[in-house]
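Comments concern the structure below.
For reference, chains read A, B and C in written order, and residue numbers begin at 1 within each chain.
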Amino acid sequence: MQTVLKADRIKVQFGGLIAVNDVSVSLKQGEVLGLIGPNGAGKSTLFNAITGFAPVTSGQVHFFDQNVTALPAYVRTRLGMGRTFQTERPYEDLTVLENVLVAAFLKNPKRKEAEEVAMSALQKVGLADRAHQLSSDLNLARLRRLELAKALALEPKVLFLDEIMAGLNPPALKQMIEFVRELTASGISVVMVEHIMQAIIELSDHVVVLASGNKIAEGTAHDVINNEQVIEAYLGTD
Amino acid sequence: MNRNYTILLGLVILAALFPVVSSSYITVGLTVLMFTGWASSWNILGGWAGQLSLGHATFVGLGAYFVAIGASQFELAPWWSILIGMAVAGIMALLWGKLTFGLHGPYFTLSTIAIAEMVRLVAINEGWLTGGATGVFIDYLPEPFGIDLFDKTVQYYLMLAYAAITLLITIFISTRKFGYQLKAVRDNEEAAMAAGINPTAIKLKAFVLSAMLTALGGGIYGIFLSFIEPHIIFNLLLSVQIALTVIIGGRGTIWGPAVGAAVLIISGEVFRTVFEQANMLVYGILILVVILAMPKGIVGEYAHRLIRRKYANRA
Amino acid sequence: MLELISFFQNLSNGILIGAVYALIGVGLTLVFGVMRTINFAHGDFVVLGMYFAVLLNSLLGWDPYLTLILAVPLGFIVGAGIQKYLLSRVIDEKHESMLLATLGISLVIANLLLLTFGGEPQSVHVSYSTSTLQVSDVRISVVLLLAGLATVVVITLLYLLLNKTEIGRAIRATAENRLGAELVGVNTKRIQAIVFGLGMCLAVTAGVSLIPLLFASPVTTGALFTLKAFVVTVLGGLGNIGAAIMGGLVLGVVEVLGASYLDSAYRDAYGLLVFLLVLLLKPEGLFGKTVKRV
């Protein structure tokens, strides 16, 4: 199976603070990679470094065998990286449909086709009936789904989900996990940063655990949860 | 969106009939159309790309000066001069934008004021280029098809054409990729990047288009004035007027600039007949009203409520 | 030898003018520090001071510096009032909203002045308008000197206020961290009104000092001073008072020297050029720390 993403010895340093220290991860076609770790572990920073939203101090990122380390975020998007944001970033003055339209235009410059792609993405996340509502009027759970729809409309090769499960109540969580499961079933590769273990267990093929900027474990979800070092990292030593 | 084209057609027809109906207010009508055009042009950068420029008078001046100098020194017909002026405006915007788009919000605005001021000083002092502080006088213009370009009614129709063109372009862009890219960059630059959009490239395109269209209006303005002076043309107050027209009317909307122009110019005229001067007072008061009570501007607020209500009825 | 004298002449003029610019800039930067807003009306506040002096001079024959007795408290009340009733409503919105609100205030003030006083430029003529003081071979205009002195006095008072009083401490706390200040019990809304009032006082004082030297024109002078104030504060670094003082002096000197040794017609442009360069190359200002780049 092809390796679609390879992050080699990534180090991200801000001034004196080393947020990510010599971490390598890789993703194969169709796989779901989970990135977990306690708060401040550096998973979001690593995520941002891979997608182009944080600068890499040293190390390389290869996407489909192309070295993208020096490329700006919007170029990486054009190459096939589609990401969501942890704090939702809707285009407030635009409707739900228009929000997704912006992304759909990437691969579909003509309005009619872009609208079709956008509606299809909205349908996948169950927001099609609210297409003409102002995005600023949506509640949290729906905004999350909107984020997902925006990423989908990019027709990405790899989907990057940034804590998309956070803060959802149980029914919304179950629904979101289902949405992602359907997506992975269709063959899309996924990298997900998560705190919600349930989602990680149900969805990921492979998990990497970070703590204080370092990779402390990797394997299947089952391996990782039972790993002593991981438990210590989350709970702290007595 | 086809609806907007129909509205435009209707308005153009109405405006075309105006001089027939009321010949004494032709200049006011002309001014409304001129500001509609300038405001719509500014809107592309300031309303849709979200970059608040207070230096657009520079482009007005470029258009006017090229027409004036072209006519008086090179006997160049105004349509050629305007095209050259537009090209220069575009290039200037490109360089200007490249230089200053890295600046955050208010600092970008400050830089536009500074650059516009410097251009004004150059225009005043480099007499060999611009005729200096005494200005340039257009004494002769060609007569295409026997049309007298100095006639106010002719100028009115030129301005009408200008306003119609800018509105047409605005409507055209609003439903297409470019329009959405602009709005995305304005509303949330990071999300726009995550959607594959290069924010700087988009802003530059917006700036260049905005500058060129403003210069087009400036050229016609030059014909209207027939005497161009640096302090009238490269005036900070003019830049402010254009910007406020859009903000009061509604940034980022299609009809906001036109509504703003109509409201402000007409109330300015009414004010002037009562108070004789200080018609900018209206701008000051209205912008405060807008900021405090109607942040999206007249048309913006109206559209916002309309969408809300439409959705509520449908749900 | 003549070169040197003329250089010192220019330098002293530059420094004195720079002092007044500093006064204007300090007002703007003080407001920025506490309200994080660029006050577009600041120059018009200066012009208000100028016209106030003109008014009292023509009505009562008062010397401009005498009018300060009334101008400063009135200025404070008006400034605090504007902040309290208008600007405080906008403070938590986007930065642009504040900018536009102050722009609106600027237009209202300028045009009300235009309606009241008419468009003719006005000045105040005092008996010592043309007197000069001689220090070895260098002549210093008395009016300029007084302006410089006024600036020194006012800035010293400001320094004492900010560093030696309870209120000053509250102001500095609010400037550094509004939320933090509120958490320790500072009434930041009141502080903001006070600071805006202070900013107006500083502007009005500058206006009064300048009116014997310059002509006031209701619409154009305001914008001119606002622009100069921006240049000064950006040069020094927004929010940094000491730096604003340095920025003012730098601007004064650059203008005078530029006008004398390069082209005097472009006098205003030198400051603008330096301003642009600083904005583009070192946005924290020549001395400042806050970064403004995207």
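Operating definition for what follows: a residue touches a chain if its C-beta (ideal position, glycine included) is under 8 Å from a C-beta of that chain, and two chains touch if they have at least 3 such contacts.
As the structure is a prediction and not an experimental result, all values here were calculated from the model.
K.L.:
Based on mean C-alpha positions, which chain is nearest the centroid of every protein C-alpha shown?
P.N.:
Of all chains shown, the one whose C-alpha centre lies nearest the global C-alpha mean is B.
K.L.:
Based on CA centres, what chain would you say lies at the far end from chain A?
P.N.:
That would be chain C.
K.L.:
If you tally C-beta pairs in contact for every chain pair, which pair wins? Let me know.
P.N.:
That would be the chain pair B-C.
K.L.:
Would you kindly tell me how far, in whole Å, the mean C-alpha position of chain C lies from that of chain B?
P.N.:
Chain centres of chain B and chain C, defined by C-alpha means, are spaced 32 Å apart.
K.L.:
I'd like the Å distance between the centres of chain A and chain C, where a centre is the mean of that chain's Cα atoms.
P.N.:
Spacing between the chain centres: roughly 50 Å.
K.L.:
Can you check how far apart chain A and chain B are, centre to centre, with Cα atoms defining each centre and the answer in Å?
P.N.:
Computed value for the inter-centroid distance: 42 Å.
K.L.:
Could you pull out which chain A residues touch chain B in their complex?
P.N.:
The contact residues of chain A facing chain B are 51-53, 72-75, 77-78, 82-83, 85, 89-95, 98, 101-103, 105-106, 109, 111, 114, 132-134, 137, 150-151, 154.
K.L.:
Given the complex with chain A, which residues does chain B contribute to the contact?
P.N.:
Listed in rising order, the residues are 175-177, 180-181, 183-184, 187-188, 190-199, 252, 304, 307-308, 310-311, 314.
K.L.:
Using the touch definition up top, name the residues of chain C that touch chain B in the complex.
P.N.:
Residues 38, 86, 89-90, 93-97, 99-101, 103-108, 110-112, 114-115, 119, 219, 223, 227, 230-231, 234, 263, 265-266, 268-269, 272-273, 275-276, 279-280, 283, 292-294.
K.L.:
Touching chain C in the complex: which residues of chain B?
P.N.:
52, 99-100, 102-107, 109-111, 113-115, 117-118, 121-122, 124-125, 189, 236-237, 240, 244, 247, 275, 277-281, 283-288, 290-292, 295
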